Structures are given as structure tokens and as C-alpha cells.
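Some structures are shown below for you to check.
In what comes next, subunit A is part of two complexes: it sits with subunit B in the first one and with subunit C in the second one.
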Partner chain A sequence: MNSVQTDVQIAVCGSAGDGTIAVGDILKRAMARAGYRVIAFDEYPAEIRGFGKCIARTRITTGQVYSMKPKTDVLVALNDGHAIPHVSEVRDFGAVIYDSAPIAAVQEGWHVSGHLRPGHLPYGLPMREISEQSTSANRSRNIVALGFVAGLYRLPRQAFIEAITEKFRTKAEEVTKTNVAAFNAGYERGGETYRFDKLEFGPPARRARSSLSTMMTGNHAIVRGCLEAGIETFFGYPITPATSIMERLAVEMPKHGARLLQTEDEIAAISATIGAGFAGARSATATSGPGFALMTEMMGLGVMAEVPAVIFVSQRGGPSTGMPTKTEQSDLNIAVFGGHGDAKRIVLAPTNVEGCWRCAGRAFEMAEAYQVPVVVLVDLYLSNRYETVVFPDTPPFLPKSWKPMHRDRQADLPYRRFELTTDGVSPRAVPGDVGGVHTATGLEHNEFGRPNDLSDMHLQMTEKRHGKLNAALKHPGITVCKRFGDTGKVDVGVLTWGSTFGEALEATILAREDGIRCAAMKVVMLSPLPVRPILRFLNDCKVVVVPELNYEGQFANLISGALGRPVKRFNRVTGKPIDVIQLLQAIRGAAGKRKWRKSAA
Partner chain B sequence: MQRIIIGNGIAGSHAAAVLRRRDPDCQITIVSAGALLFYNRYDLPDVFRGRGDWVDYLVYPPSYYDEQNIKLRRKTLVKDVDPNKRTICLSHREALSYDQLLVATGGTGYIPERLLEYSDSMISFNNYRLAMMVRKALPDGGVVIMLGGDVLGLDLARTLIETGHSVVLVAGDRTFWPHEIDADDRPRYLEALRRMGLEVVDGRRIDRVESSHGKRPARQVIFEDGEVLKGDVVMPFYGLTPSVDFMSSAGIDIERGILVNPQLKTTGDDIWAAGDVCQIWSPQQNAYHFYYGWKNVKMMGEVAARNMTGDEVPFSATVDEQIQLQEDGTIYSPFWEYD
Partner chain C sequence: MSIEHPVYLEDKLEQIRTSGRLHYRSKSLPTWCPGCGYYSMTEGVTWALNEIGTANEDVVVVSGIGCASRFPFFMETYGFHTLHGRTLPVATGIKLANENLTVIVVGGDGDGFAIGGGHIPHVARRNVDITYLLFDNGIYGLTKGQVSPTSALGFKTPTSPFQNQDEPLNPLAMLLAYGSSWVGQAYAGRPDHLAEMIRGAIKHRGFSYLHILSPCVTFDKTDRTYRRLDLEVRDLPDNHDSRDRLAAMSEASTTDRPALGVFYNEQRRTLGDALDAVVEKAGGVPRRLAVRQ
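Now for the complex of A and B:
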């Protein structure tokens, strides 16, 4: 039996319009179809065509991994100018595949073959010529290159042909035929090419072969979570990188009898979401930073009026319009604190694609259970990242449910929608419930919902709105935080949130291989913050490193503010995910410094 | 100063090392048709001793090129050279500018014209990839049919026999190339090959070479008299032919190889040549002469590099070119020696 463990990362780099992302898409779908685990992440420009650089990175594995690899094993250059800066990302003895017969003369120094490191292995391929020979056109050079990769590494051809067929199923039949022909021509050439590198693809893992495994992005996992939780209404306004949530829901929701409306802007979207939530529907919206900034006032209304609503926020580079197609984690502050007043809300930050699905589904439960807007905070990296996920046969999400009006209450007494209860959660009525007439307002109010700004009432209601959320920390079916790595006392702890967790865990694993006692903790619930387990973790760590994709360290500030503990910040604002090797070096530095301190003492 | 070396064998690689030593600041680019870093082709018979990883054949580690600031462009074919513009044009349509050029492209295995149409049925032994192809095609104890039998082939034959394979040599007028042997001595030398363990077929003219698909033995050589010789692999060893095609439009003097003076300077401005690709003017013989063997070729790289950086030293062969029939009856070729 072949025991080769597969862990190969392939990057395709080209210009917008080269079909770079399409090739990456076919590659990951084919490999997932063949039974491998896949993590993939695409970088692309904000422009539509002919300007910016596109990179489709796909990590193909048999075992469980948590992030993209810091070094690429195979780089396919569809555009030399764009690919040259990424040659250095290829590991020693990794492969670089490029067009050896470009159509136009190349300026001196601008062919990618001139930039290979001595340890790289070059594979020149006349992509254009093969495309022309096999399809009578040169536009399939990207598919030729894909076929070459597949042939070179003896990847399952049928899975690719199926993926190509699926990719172009909505096009004319000729389009599929052309692309299959181009793929086959590339595959044959790859199969004939002598391979100097030692990359091996072992058989896929048994578990990944399960028919239950699915490959999807974080945004599509959110959609699945919404549908399985029984979403009834969605209101949204398109914005990168959240748009694909609405796009997919627009297709799927009508099949489930649910309604989606594209509103005129984000203010209308959040208003309608809260309105639908008030009416008793499972309701959501999705946006990114600029849109979320517009939503904060209405979110305050949701907090004050105790209306369930779910808001998906996919972060991108900011401020303002910022970098629409680059990732960042700089909306933590606005997600947790945004808006005016003491507007406490629940904020969930999933760390992987499966977590997107889980948090999406649970967000509806929590919004209803605690009568509050719930923000699900992801980022472009997680929104667009593909992972192979195994879902349970039966969705675990609870059907629509909330604390009802007291059935035994006296009918002649007014309904106290905001009744002060021990758990802070009041009996809820929705329009149409007999005897449930009440006022819901943005003004501070008494138990009946009537405006009231007396000091005691404001204090009681503020305590109620905050206190009721503590129970969310024990909400069933969601892990608010979790520790990984070494148990007990450790030299270095890595405290993370959101998509950064994958890189942090990979760095932690490498640090442990270095002999550093190291642990990582992911915090999924950012508000309310699970203070006790985080504090226990901090107490176990000599040094705590907090990696995040923002400049000031918004999560580090949150932790320091809540727990009064210093942490070592590791902030990056490159528009890219955290570099595992850089983080590993930070961990080594933190561990070394501590050891030095010990010896000096 | 931009110095380009075409060729990544011992001549080009050693020239690059000497250039760097003598001029720490110049730019050095080696352009190579092969995919690998500089490796020792003379060691390739070791693939039959289980040394299969190409990394084991590297003369320098990858870090050497960074440390020496030598740029190496692999899988890069030179299409032509324009001495007027001082550029070399690569097959992917990129032109590289040079101030000085050293051509060290060596030679490729020569195959007689009448056998060219059977090339697909033969495997030469010019590089690592082909060596691995032979190893893959040759079963344990398999039979190699060696055509020609130049000294490189005979070197391989020694290893093949030591590793339990059979070698049938179809001898001809290129056997022992580049050594020249008197007709009177030839029978004694062929007998020495038989003592080495080779089966020698002499005086027969090949009609054709055929593949037998899916069956063993995989290849057969058919002589003009109709007799058939069967084996697993057919390998041509008829000596080398200089790789000079890309220089044909450069306007420099070429005969069989690139003609150079004793200082290895070609007739083109700022263009030198070294290694198996060049014919060197010998004042003593009043003729151009090829010099072969690792040590000679390495010395040519050294001489060319020194002269490119200001010296005016002539090349002189360091190897005795005579093949020897030793007292114990075995053959010794100085071209089997390398360091």
C-alpha cells in the first residue's frame, strides 16, 4: 500500500483575463472530487480585466491542515511579469512551469525563467503553441498548463475532465470540448516530460473519500448554515467580499420558500433585516467594512429594541473603500464596539470554513435566544478560502424558538415586552400574537417599551441588555474558545481569532517540533468575551503572542483591556494572510527571549 | 561587465568560477539548455550502482551560485547570436546583452546519418535524464547493444558488466573514438574488450534498428546479412559532434567546431569558445584540433576565463591522448580520468 502523505501547494499566477482563477477552481474541484483535502485561496485585483495580478493557490493534502503553506511547491506562470515576484515563494527543489514560447518578444530580464533560484526546477512549456494545435486558438493556454501539471504529477485525469465539464456546463457544448482537448494535450505533454522534482501524490485519505465531504468557501458555508438554520428573509447590498453570500442565497432561498431582497443601500438592508426580525422571521444581512459602518446606527436600534438579527461581515483592507480584494482583520473594533451607547451585541468570529457554517447556523439561534443582533465576523481570506469540509448528515441547528409570552399571565394586564427577568431575557411576542401588542423603540424604555429615561430604569435596562448575553458563552453547539498544542504551562501561547488561527496553529505545530513548549488558543466569541478560559490560558503562558491582520492590534487591545495582561503583538497589514514562517520566528523569538531572561536571572 | 557563458558543463562552469575569482564585480550569467545545475556527467554510469538521485551528481550545491553571484538560466535554448548588437537571442524571444561571450556548449552524441531514422529505438547517454531512461529500460542482467563504442561508451560498458549486465558491442570505425588505432593493432584492442567481458561483433554493417513493442527483448539490431541481434537497450556511442548550430549566423569561423586561436578566442569580437565545441589552432600541427576529456576541457575553461580577463595564455593539452593496452591485457584511456 502506498503510504505517501500528500501535501502539495500549487500556485497559478497570471493577469486578470488569463483564466488564472478558473484554472485554480478546476484544480481544486478536481482534487476534491478525487478525494483529497483541499484548502485554496485566490488573490485577485479589484479591476475586471487586463490590469492586476491574480493568484490561485491550492493546497492539496491527505491529512488535516489549517492554512496555506508558507512555500509553494509548484508555481505555474501564466504571466511572467506578475509571476516573477512570486518565484521566491517557491521552495527549494520546487517546480516553476512557464510559457517557453510566448507570442511577443520578451524584454530583457522579464521572462520568468531568468528569475528562478538555483534550487528551483524549471519546466518550460509552449502553452500557446499547444493550445493552438489542440484547439485552433491560443486562449486555452491556461487549461493546457493545468493539463501539464496534471500529467506531470499523474493526477487523476477523469476527475479533471469532470471538473472542466462541470465548470463549463452552462456554456455551449463546444466550449467544454475545446477545454477538454486543451487539457488532454497538456496532460499528454506533462506525462511525457521527465520530472526532476520529488513531489508525490499519495492516495487520498479514507475519510476524505466520504460522500459527505464537500469543498466550499467560507461564504458558501455561511449560506449553507443559513439555509440549514431555516433563514426566512435576507436583505443586502452587494459589496466585496461579502457579495457571494447574497448571490448564492438568491439562488437557494426561493427553493426553500424564503425571500431575498437587494435593497438600495446598506442602511435599508439592516433596517429591513431588523424589521423582519421584529416580525419574527429568521433574518440576516451581509456586508463588508464600508457597509457595516453604515449599519451601526440601526444595529444600535436592534440592541435597544432587543430584536434578533444576524449580520455577516466580511472584512477587507480599510479604512474607507480601502483594498476591496485584500484581506484584513481591522473591523473587530466596529464589530464589538461600533455604534453609540452601550450597545452590547454578540460577535462570533469563525476560524475556518466549517466554523463559518456552524457560526452562521448558531447565530440565528443565539439572536433569538438572547434577543439581540449577532455579528458573524469573517474576512476576505476566510470568505474566499476553499476547504474540504465534512458535514453531518442531519443539520444540528435548532428550529426557530424564543422565550414566549407567559401563557398564564392575566389578560387584563399590559404585556411587558422588556420584563426584567433573572436571566435578562424577556418573554417575546411578535406581531400577530394575541395580547402581545407592545412598543419597540430606540428610546430608552420601561418594561412595557414605553419611553422612560429615569436613571434607575436606564441602569436596570442597561444591566439587562448586558447581563442576558452572559448565557451566550454557554450556548450549546458552539465552541466559544479552544486550546490546542501543549497542555499545562508553556513557554509561548498564541492567542488568535478569525482566519488567522490556521496560520497560528501551523506555526505552533512547527514551534513544538522545534522543542518549544507552545500552545494556541482560538477565540470564536469576541463578544461577550470568554474571559475565564482566556485568563486560564494566559496564566499558563510565559509569553503570549497575538497575531492579527491589523495595524494596532485590535484583539490585543480587547484582551489587554478586558484582562489587564500584556501581550506580544504580531501585526501585519500586507493584505495577505499571516506568513507562518514569520510567525514561527516570532514564537522562537518570544521563547528565546524568555530563556535568555531565565538564564540572566 | 556582463559576461555570458553558453553551456553548463565543466568548461563553462569552471570558466565561471575563474571569472568570478578574477573579477569579483562582473555579472556572470550561465545559459544552459538542461534543467539541472552543473553535475558530473562522467559519474553517470553510477546510476547502475544505485546512485539514482540527481542531487548526488551535483558538483556544487544550489547555494554556490548565490554565494558566487553567478546567475544560472536553465532550460534556456540559444537561438542565435548577434555579435553586432552583442546579444544572444533565446528561444523564448528574450535577448540578453553581453560584453563578453564564452561558448561552451560541448557536443552531442553523433549518430551516423543512415541510422538517424532509428533514433527512437536507441537511447544515448548524454545526460542524467537519458541515463535514468536507460536504467529504467534495462532489467537486471539485461543486454545492452552498444553501437560504435567510443571511449565514453566503453567506460559505461565497464560499469554495466560490473553490475551484472551484458554488453554486445557492434564495433566499427568509431570504436575507441577519439583515440585513433592502427589497423594492425585493432584486433589486439578488440580482444582486450572481450577480456573485459564485452561480446564484440566486428565487421558487420547494420541495416536497421527495431523496437518490439511490449515484448522482451525490447530492441533488435538487424545486420545487412539478415542476422538479428537482440537486446534490451540499443545505445549509440559514435563520438561527439559539436553543438554549434545556433552560431551559424554569428559570422564567426566554424568548421566542424568553432575555430579558435590558442588563446581560445574566436574570430568574432569578444567571443571565446572552450570545450568540446571548439577546434583549437595548433601551430605545431599547423591545423585545428579537437581536445577531449574532462581535464582538457576544464583547462580550456580556465584558459578562456583568464584570457577574457586580460591574460594572453595559450591552451596546451594536459592529457596524453594515447589509449594504452596495459600489461595485464586491459585497456586504459586517459579520457576516463577526471577530478
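Now for the complex of A and C:
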């Protein structure tokens, strides 16, 4: 029994207002509490009210996984109409749990049980009835369904009750009691139901270690990184899906004596961030596409005036207002190239929740070390998805420090804020430093910071601003790119960035099971680009597939442009994470049909 | 203002050298046109800083784009020459990062009220402890004389060849309505008074807005000239109560006879104070405490 490796994905689908997201939240927290590893991602509409579709997917595992599963094992339908299109994502011999006694008669063809395919295992559950019996109200259908799942698969009941209590901690005691009663009623029913699927939950792996692990979203990991790096000021303006960064920082920063301000717009947010950076603070802002578009001019000033700042950008569907609650990777271009002029900046794109934390913390170090704005580029999928992460006890991030102004400088020589040095990084003084008086400017300037537009000066300064960033590729404590899968020469290489890496790696693993020699590479630093290791990887691959959540292939363009190599594009603009099976098919196609069939057979 | 006795250059230079003001001036020569009101402002700022005795390294001058944008280069203090219209939020960031700094923002009517107009209400209502010296000449000087938000109706410029059709703004009334805690007006043609006003504005704890009237001697030969402003400006009445916002509003509305002096002055908590209170509420210890003479 102990050898059972757990890998189960449960999807709860309902209408906004059914408590779908809440149930998903309790499920993942309970399972994380019980010591399992969890990856979870919710989809919900952009409207607060109404009857939009909500899906909460939770993948519960004992081993390391990298993305959501392509197929769901258990689908819980709180709303038949919304759940019907998702029946097809249930695997063969997977379970579908639905309300067998809904509140109103369901129109013909609109009951989920009528859409099951042969091999799907239905569990009709009178959710409303059980809710009414146990709580004398029909509001707890969702918790009854959750209880049923827990009971059916003999999941640890105490962990769920703790998670429910925690969830309703701020509400009246009665609320917790009602929900626990509904959960227990569902659990009893699940326990006594005959189970005809073969789904098994093995015991969680290594319990001792799990006590240190934390389950959190990418955005909250960013917050943790900011706090551990000693963030001093934050300026922001609400925008989905970045808002939860500011909301959490607003609670946490004052506890550490730091200051947060909600500004009048994104332009003010980045302006104040640059202002605080100029004054020597560790400063950041967070935004999404439309807000980031407004920030690019000020980011250019940060590059020109060599001011450290950190900008968190969580991508969503675009252009314009686009799809605020759907994920996309279409802001690579603006992150790397956005704004006017030769404004080279550092762009980091973490690939998982742990990476969000690491990139956030290191971004502050890098901004100071190279005196430049650093963009940390995530997307809605990564911002909102939950993962269990093990953090080190002591944060690895370096305290505030930069190349200081020379102390032994002759007093009669004016300070050269933009001194041309071998590494391009100039000794820095901030307001308040005696002897460091200077003016930073958006005008092209000489070493003293005085306006100067002579040809030689512009060339030297442009080279300085570009050249100083090359050292960032070797910045300690961060992996700028990494290869996974088969070593040496391979048939197919999957080159990825950002949240897509998880799906890409899962597809690579499946392709290798098919017998395809396959490797994946994640590129975390998009600017400056780690050209050499990418080139080495490209040389090792017969075909390179670049999966991305955008239309034209912005990363593929970056790679082809910088390295002059053709790549095979795999683009999706569905507003959803990449489908692992579709990507696997693309890998098979790239490997050549005969090759994978022969080796698989 | 007529000159009653001759002033010799040597005497004047001697006077300036011994005044201590040059301590705050960099070695860069100003690039403004002869006769420009910015010279009066530079004089005023250096005099006021010298009077207050602020250390050079504790001053940050923030400018945007326009004729004022070069001002930081002429000062021997920290300076940040930023983007068009974004001086106030940049200054907010600087002040919040280090409350020990004296932050002075300089800008013109275009930078402040056209492209940057959206930031003024918020910096005023939050009472960020910075000084905003707005230099109003009713014209875009650096781009060679286009119409601005404070240009008079009917003013003819290259971009309003058939005369300006837009009602000019009333900046003082605007700032009073936005909740600015210190509002004053000065005139570049009265440099001594201007200097006194700058000192008052810098010393004020909270957001201080000083509106400085000045001609553009190069691109406006007809409308807002020294000759005309000399005749129009008046002092605020002796009995004006600068704690009375309504009285200030009433004085601000007589735009044909602009009054000089402190329109409004109130002491209330600054944004820094408020954020320190938030930190205390959350159980933290403020990292930086506002210290100001």
C-alpha cells in the first residue's frame, strides 16, 4: 500500500456563486496540510456576479510534477450546464460526481449524466438534499460534494475540518459549524458509497519535510521574495492579475516598517518607484499589460539615469483590456523591448512558484548591482496557481548594497556619477551622501551627469548601459537557463520560458516514454539573453519546438532574431495554459512519425 | 521698479560672493534667455536654502521637461531631471524613501497643468512634504512659443494661429480646491519678495505650492510682459487670513489683478506621518522618521 504513488487531479466546476473556487481552496489546503504536494489553478470570469463559469483544478501528488495534468481524474459538477464541456477532459475510468437531485427539473440534454462517455464512472449525489438535511439550507451543496469526494477516497477527514475552520475563521462561528456539518454529511455518504473506480491515494511522501513546505500562489511567492529582500517602498495601482501582490504587501510591509502607497495611476506608480530608487530605497511596483504600457517611458528614464527599480508584470490576455482573467504570454516584446530608444533592461521570467520568490528577491539585488530597472515577468497562470514550495530557513538574498562612491576621491574633483568603468557600473551616491552631489537626467550626459550629445559620448554611454548588464548572466543565486531531459544530441528540443515550462517538461517526459530522444530548456533571463547556452542547446537538437501562449511566437522571434536559427513554433491563444497532449503531439510530429512509433512499439 | 542710484557690477558681484548663495550654485552657466524669470527663481532658491541652512547633500531638486528642466544642473545639490509631467510622483517617491531630504520640484505651466495635471490633486490631498515651484509664463518656451493651459483667451501662437480658444486654468483656485496645505503666489519681477516666498514654501511642513508669475521675454512680446504684470500685480490685503480657505479662494478668483503673498497655510499631517501611523498600527517600527527643521 505504501508504494502507491499518488497523482490525482480533481476539477470542481460550477457557476459563479456556487462556491466552486472556495471548495477548490479548501481541497488544496487540506491536502497540503495532510502532506501532499499540490498544484492548483482556478479559472473564473472577469465579472464579480453573474453566472460565469468557474473551474477549480487541483492536482495532488506525492512526487514532483510541473504542471496541471492533461486529463482530470475526478470531475465534480456543481452546475451541469458549465460542467458538460469539461466531461471530455475526464480520463477513461475517471469519476464524474453530479447532483442527482437538483433544485429544479433540468431540461433534456442539459444533465451532465447524459454526456458521460463509455468508461466514465458516474456518481450521482443528492447534494442539495444532503445539504438541506445536514444544515437546513441548500447553500452548502459545494461542501457536501467536497465531503463526498473526501469520504469516497478515504482522505484524511481532520485535515479537511481544519482547512474549513481556517477558511471561515473570520466569519461567525455558526458558519464554520454549518460547513463542518455539511462536510461530515457528505463524508459519511462518500464512505458508504460503493466505489467502482480504481483511484488510489497513497500516503503522502516524507511527512517531516512537508511541515516546512508552504502552499502559495506565484503572486504570494513574489511578496515573500520582496519582504525577504527587505523591500522599503512599493507604489502600485490595482490591476488584474497583479493586484494580489499589492494587497498582500499592504498587509505585510508596514509590519516591517516599510511604506506602500496606492498611487493615482500606473505612471505615478512607476515614477514614484524610480524616485525612491534614485533616493536609495529598495523599491518596486507591480502591474499587468495595460499598466505596463503606461510605464515604459519612465522605465526608459530608469535605464538612462541608471536607477534601480523592480517592476513585476503579470501578463493577461491582450491587447488593450483583452481578457483580464485569462492567461497569456504576449508581453514578452514589451518587457524586453518596450519603450523608445536603446533602453536595455534586465527581464526575468520565472517558471514556477518557487521561481517567483527567487526572481523577486534577486531582482532587487540585480537592480542595485547593475543600476537598472529589472522586470520580473509572470502571467496570470503563474500568479494565481498554487504550488507547495519548500523555502530555506534563512533567506538567501543579499542586503542592500551597491558599488559605492570612492571615499578617497580628491575633494576638488567633482564626483562622476556616470564614470566609465571597465564593467560599466559606476560608483553610486544617493541623496544625503556627502560629496556625491550630482544630477541624474534623462538627457544623454557625460560622466558627471551634465547634458552632452556629442557622438562619441552617446556611443560610449550607450555601450556602458548595454555592456554593464552582461554580468547579470552570471549573477549568483539565479539560474538564467537550464536544460532538462535527455543529454547530448536529441531529436527534439523544447525551448520554453515562463509558466509554459511546466507543461513543456511534462510533455517532454511523456515524449521520452514514447522513446523520443527529447530535452527541454527553460530560459529564465530574457534580457540580456544567455545566448551561448541556448546556442549549445540548439546545436544539440535536430528540431526545436518553442511553445508559447501568444499568436506570433514572441520568444521564437527573439531567439530567431538573436541567434539566426529557425525554430518550430507552437502557439496557443486560448487564454488557458498549454495542453500537454497537444504539445506532446507536436513533439511527436517534430520527431518524425516513424521514429516515435517504432521506438514506442 | 525704477533704479534710483547706479549699481556697479563689481559691487553686485562682491555682494553675491559674500552672500553664501553661490554655495548652492553649480559651475554650470544657466541656459535661459536674458531677462527670463528663472534667474529670479534661481536666486530665490539659493538665497532661501542659504537662509534655512540646509546642507547641499540634503536637497534634491526635481524637474520635468520645459525651460525649468535644466534648473537642477545649475544647482550644487542632488537633482533629478525626469520626464515631462512626472515631477510630482517622482518627488513623492524620493521623499517617502528619505524623509530627511528637502525636495523641491520646479516646472512650468505646461509640465504641471497639461501633461502632468493628473498628479497635482493627489500630491496636494496627500500632503506630501515637498515644495512645488510652478513657473507660469502662459507659453511653451522650450518648444518655441506654443499655447499653454494658462495662456489667455485669444492669444496667438504657432499652434493657435487663429487665437487661443480655450479658457485658461486658474491654478491657485485649483490647488486650493485640491486641498494643498500651503498656497502662495509671487512674481519674477519682484525677486526679493519671491525669495521670501520660496523660503516660506520650503519651510512649510507639507505640500507647498508657489505660483510664480513671469513673462516669456522671447516668445511673448505682447501678452504677459513685465510691463503689464508690473501694473497688474498687487499685494494680498493686510487683513488676509491665510487660515481662511474661502478668503483665499476669493482672492484667487480675481485673476485680472493677481495678488502676491501667502493665500493659504495650514498645518496638517503629511503623507509621511500617515504612513508612519500605518506602520505603527501594523505593529512595525518606521524605518525612517521625518526630521525637518
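Note that the second predicted complex is superposed on the first by the 588 of 601 C-alpha atoms of A that agree within 3 Å, B and C clash if a C-alpha of one lies under 4 Å from a C-alpha of the other, contacts with A are read in each partner's own complex, and residues count from 1 in each chain.
Assume a contact is a pair of C-beta atoms (placed from the backbone, for glycine too) under 8 Å apart; a residue touches a chain by one contact, two chains touch by 3 or more.
Model, not experiment: these values are computed from the prediction.
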- Clash or fit (per the criteria above) of subunit B with subunit C on subunit A: fit
- With both structures superposed, pick whichever of subunit B and subunit C touches the larger number of subunit A residues. C
- Message: For A:D92 in the superposed arrangement: first (subunit B), second (subunit C), both or neither?
- Response: first
- Task: Name the contact category of A:A471: first (subunit B only), second (subunit C only), both, or neither.
- Result: neither
- So, A:T441: does it touch subunit B (first), subunit C (second), both, or neither? second
- Message: Under the stated touch criterion, which partner chain does A:I581 make contact with: subunit B (first), subunit C (second), both, or neither?
- Response: neither
- Item | Partner chain(s) touched by A:R117 [first = subunit B, second = subunit C, both, neither] | first
- Message: With the superposition applied, I'd like the minimum CA-CA separation between subunit B and subunit C in Å.
- Response: 52
- Message: Using the touch definition from the top, list the residues of subunit B that touch subunit A in their complex.
- Response: 35-37, 54, 62-66, 71-76, 90-97, 129, 132-133
- For the complex, which residues does subunit A have touching subunit C? 232-233, 235, 251, 254-261, 263-265, 267-269, 271-281, 283, 297-298, 301, 305, 431-443, 450-451
- So, in the complex, the side of subunit A touching subunit B is made of residues 92, 99-102, 104-108, 110-111, 113-114, 116-119, 121-124, 194, 196
- Of all residues in subunit C, those that touch subunit A in their complex: 28, 55-62, 70, 72-73, 75-83, 86, 88-94, 96-98, 100-101, 118-119, 121-122, 271, 275, 278-279, 281-287
